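Once you scroll down, you'll see the structures, which are given as structure tokens.
Both of the next two complexes hold subunit A, though its partner changes from subunit B to subunit C.
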Partner chain A sequence: MTVSIQLEVNGKPVQAAVEPRRLLVHFLREDLGLTGANIGCETSLCGACTVLVDGDAVKSCTMLAAQADGASVTTIEGLAQNGDLHPLQEGFWEKHGLQCGYCTPGMILSANYLLAQNPSPSDEEIREGLKGNICRCTGYHNIVEAVKYAAERMS
Partner chain B sequence: MARVLGTSIKRREDPALITGRGKYTDDLQAAGMAHAAIVRSPYAHARIRGIDTSAAEALPGVLAVLTARDVAAAGIPGVVPVGWLLPDLKTPAHPMIAADTVRHVGDAVAVVVAEDRYLARDAAERVAVDYEPLDAVADVVAALEDGAPAVHEDAPGNVAFDWEIGDRESVDAAFASAAHTVELDLRNNRLIPHAIEPRAVLASYDSSTGEMTIHMTSQNPHVHRLLMTLASLGMPEHKVRIVAPEVGGGFGSKIHHYADEAIVGLCSMKLDRPVKWTATRTETNLTDAHGRDHSTHCELALDADGRITGLRVDTAAAMGAYLSTFAPAVPTYLYGTLMSGQYDIPAIHCHVTGVFTHTAPVDAYRGAGRPEATYVVERLMHLAGEATGLGPVEVRRRNFVPPDAFPYQTQVALAYDSGNYGPAMDRALEMIGYDDLKTEQASRRGNGGKLIGIGFSSYIEACGLAPSAVVGSLGAQAGQWESADVRVHPTASVTVYTGSSSHGQGHETTFSQIVADKLGIDPEAVEVIHGDTDLVQFGMGTYGSRSAAVGGSAIVKSVEKIIEKGKKIAAHLLEASAEDLEYEDGSFRVAGSPDRALALGDVALQAYLAHNYPDDLEPGLSATSFYDPANFTYPFGTHVCVVEVDTETGSIELLRYAAVDDVGNVINPMIVDGQLHGGLAQGIGQALWENAVYDDSGQLVSGSLMDYAVPKIHNLIPFELDRTTTPCPHNPLGVKGVGEAGAIASPAAVVNAVVDALAPFGISHIDMPLTPEKVWRAVNS
Partner chain C sequence: MYPAQFDYRRAGSVDEALGLLQENEDAKLMAGGHSLIPMMKLRLAQPPVVIDIGRLDELRGISEAGGSVRVGSLTTHADIAASDVLAAHCPVLAEAAGHIGDAQVRNRGTIGGNIAHADPGSDIPPVLVLLGASVHLQSPSGTRSVAAGDFFQDLLMTDVGEDEILTHVDVPALGAGTGSAYLKFEHPASGYAVVGAAASVTVQDGRCTAAGLVVGGVGAVPTAVDVSSLVGTDLSDDAIAAAASGLDTEDPIGDIFASGDYRVHVGKVYGKRALAAARDRA
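For the complex of A and B:
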């Protein structure tokens, strides 16, 4: 049994028939080939699979593809515009906010949501805003710097 | 040419990773790919009475269900070997798939292959295993007690090995005449590595060629190929290619050869099509080799002046259910040999018992033995500071190996090649503002409320395990060199093939800096290839903070050979003698005649044309080196942690963390700082939050991120870093290694800080992790 869904992914219309139980993250990664969202756990805690659904940061391992029917989804692949990196992408590169890179797409999209809510967050607000995303490599020090860099660029 | 060594150039790895284009193992698809799901024991110890696979096989889309019977029928060795042998080590068999007995929760009993990931999991649920549960023992101390359930019949008393280093009699004599002694019973808590990318493998066997390509989460593809072919699958080594694509962190957990990757290889061989398996977080936590898990009694003897006269350590170290790849080395040669710390200790004895338990295996995890040793030494030094009245700073200073004593031979085999410990301590005190903190601490002590504690950790580590002959004599079944093939192309761009295997460390960036510096060219003209057994000659991989010191040195050696050959070619073209040529800033020049010069590109082109060329020289401009270091490298430093402890609730707040590290010369300061940050987070995590807990029946009760507390961003604080620089004297870059320093130093710094805060309560020790409950109980007992 499948359900048919229509949604927008990175600005492009997508139509598909999916198993009702298919997770959004598997739909994005395996059906659409958008492998930027990664899977690091199955308890909605690591945040590596974070994407934007109608502007909200959502862990795509805990949402069904069927639930995204009618939604607009942005993944890390859709963040750069016209070949220009998003200021958050620049910030993570500039400030060494990543090492292995596995958590990075989710971290950047969560930070994107944070800056949409609060364009000039304090260090403490950045740390509060990103606590749903785990990074095992960086100790977070440079992630805070990366988000500050982006906030300054975007202001 | 601008200086490139010592410069924070941005990482070339990042553009792919920040745009979602980096390809990790689970991102890969292959035509005709099937998916595997592994059926695992829910019991820590049980006999398998039977396995019924029929319901799983009946599900449409299921391609195969394999058990130990199929491993036997395949006629392959089918085992997971141990790669480090100690005298009298018990090496019970570790079958790829358990045949009649399971020995830890997560032990593989069957594998299902299906057309689809979801279907494979459905089918795995339908495999019916009839278990007869048996008594289990998960705790390292309980496993040594009389009558404890046996993990292996051929390992009486659950003892895997009994090992010692140092001189027991001289230590006994030191204690007999000591003016001060301090002692501790401590646990070094078991940790789960938690690379955010779980282990994964895509195995693609092709019967028409007899070849198999395995993409997998590996820190050392050649080591994996060797163990996979030799011990598990029985395939010829040259028929197997192992590729590590982007690897999402490792911290040691992706060094080891596991059953699961071999099982998936077997599935691909049986089905003659690609098979992928990706662990869930729970699976990876149940089966990744864990870290630490020691129970230790330790004692320090000092004379009336506060000089250390003896150190005695007795440790029970968990090995888990099976001996993982390098497991026996971790609590022995990477632990006992570090017991001298930064100190001149005339008598040391360390005894270690390796213990089988019904748990996941324990093996190298960031630091591997050295954090455990540092924790022992630095906790004792804290107590010694109190017992002697000298305090934590003076007792350390008084015992530091003095700068004029290097090379310094310790009593536990290692010979420190270099060191200068005082300046790192001085700088740390200055950064933290020690005198002011002491004043504030004293004033708070009078007022009740929240207390401040200041903790020190002056650590030493031994990186770049070496040389091969020495580690071989200690039981390693592997060499400890590294290789580099450097190829200068006809247009003077360069490709480096390195045996190091980056998984987040940024080797492509730093190694290009090394080549650019030595050849006087732009780093952008250098490509770095790693992580592929078909491309790279051979390599030992990335672990033990070895890549710059050993892998980087191999690159330098190859570049030196290229320059030597280039001089001969240039001399021929310039009609000069090769002895008169110098290489500088990308050009070969005749000494004293600056006009007579040829650029690297001119020489490289001629090397490949070979039209006008020396008779006795082969064409081409490339060189391969296998660099075997003369010794370990010895990074060191002093870390200071400042905490605030709420004695009402037991909660701990990190206030400051200052680290002064001496990792020798630095290739890319930004990357070096990043390595320290990550290590600190893991070490502070061990001290305050992380704990792999097995209950008495051997169930891992902190097996998911819901109950195992990996540090999150709001738990941590900005780190204050600085460096001193004492170059390694025996490698060509003067580098030492930095990947593990943070994790080695920080647990002791944090615990010492908390214990210092609680000194008014007479508390001398609390075992990690320092949860609010433990702190509260200590305060209220």
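For the complex of A and C:
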């Protein structure tokens, strides 16, 4: 069977018929070509697949596309506006918040959710807010700096 | 990694969901999916039909009435952790919910799905047993409630019948003079509790009048510890340590990360710390 879904992805309406078992991350990557959400652990631990669903950070490997019917989804591709990087993207650039970049889209969307809840988080609150996102290159110091950079720019 | 094929049905009401459960043998209910989808991806669960109850707003929300707090089964861990009502009346439940997984998991996972899954490393079950919560279930033949202490039957097994939906839990409000705490020794990778200790103590005129301690992660179901020896004491560190050392279970669970004996040991340590934290908040 297939399920008809209608949702908004990065501000654009999307209509599709999906298999019930289609995971949101596969729908975004393979059906819509939005490959920013990465597939890492596939067990809802690493956070590389994090996207925003109706403003909430969620792990798109642990959500059916059918569950996103009617929702508004934001991926990393939807953050830059008119070619201008989002302050978080700029922060990761300026503060060297990445090496390989695999975790970065998830990090940025989790940080985006965190800043929406708490516009000026402490270092500890940033680390707690990004607990569900794992970086295996180097560590978190510059990631925390990048989020603080963005928090200042957005305030 | 994706689940085996299944048919998807979305329920528009509790009654419709109950009807779909009756029509579809071996169907599974899905709320946030944060227990069921991982099980399905690992093919540990292969339900032929999934009934999505995630949009039943009637099952969502937190309200207080008559000395009891009602938490709808679809309420997310994020909403529980941030609830002013729970902070005022049952802070230990909000505290435990804030320890679950991470922000993304708390945004999707629900209390109903959590306790219906009944993972021994879950943070919520020991708290519900500690507080004497009741779990409410609905079937085509009516509703019933079961005490949290009887709800959890074995590893991943609960009292929910095949034709039933878990609608809400009722949690008695903690009275004045009662402090409570949840302390967790967290698995560094999975985020589940290796051991989680939920404690409450009531103090009047410097003397303990009631105390409770329930430890998760040690047995297949939450393990209640008899800490009645604390009643009448001034809750000294020594008295608390002696009471927490009563943690015992016939058949502790163990895995490659933590043996059964180790879990019991850590349970006593965290039980002691949780009781002391509850005392300091009373």
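Keep in mind that, in the parts below, the second predicted complex is superposed on the first by the 155 of 155 C-alpha atoms of A that agree within 3 Å, B and C clash if a C-alpha of one lies under 4 Å from a C-alpha of the other, contacts with A are read in each partner's own complex, and residues count from 1 in each chain.
As a working rule, a contact is a pair of C-beta atoms (placed from the backbone, for glycine too) under 8 Å apart; a residue touches a chain by one contact, two chains touch by 3 or more.
Bear in mind that the values here come from a model prediction, so they are computed numbers and not experimental data.
Looking at the shared chain after the overlay, A:L64 reaches subunit C, while subunit B stays out of its contact range.
Once the two complexes are laid over each other on the shared chain, residue contacts for A:E42 go to subunit B and to subunit C alike. After overlaying the two complexes on the shared chain, residue contacts for A:R21 are found with subunit B and with subunit C alike. After overlaying the two complexes on the shared chain, residue contacts for A:G139 are found with subunit B alone; subunit C is out of touch.
Considering which of subunit B and subunit C touches more of subunit A, the answer is B. In the superposed model, A:K131 lies in contact with both subunit B and subunit C. Applying the stated contact rule after C-alpha superposition, one finds that A:L32 touches neither subunit B nor subunit C. Looking at subunit A, you'll find residues 19, 21-22, 26, 42-43, 45, 131, 133 touch subunit B in one structure and subunit C in the other. Interface of subunit A with subunit C (complex): residues 1, 3, 19-23, 26, 42-45, 47, 50, 56-59, 62-64, 66-67, 110, 113-114, 129, 131-133.
Those residues of subunit B whose C-beta lies close enough to touch subunit A in the complex are 10-11, 13-24, 26-27, 29, 117-118, 194-198, 246-249, 251, 278, 280-282, 503-506, 670-671, 673-674, 677-682, 704-706, 710-714, 716, 718-719, 742. Within the complex formed with subunit B, the residues of subunit A that make contact are 19, 21-22, 26, 29-30, 34-43, 45-46, 48, 75-77, 79-80, 85, 89, 92-94, 96, 98-105, 108, 123, 126-128, 130-131, 133-144. Residue ranges of subunit C in contact with subunit A, taken from their complex: 1-8, 10, 30, 33-34, 37-38, 40-41, 50, 52, 54, 78, 101-105, 107-108, 189-191.
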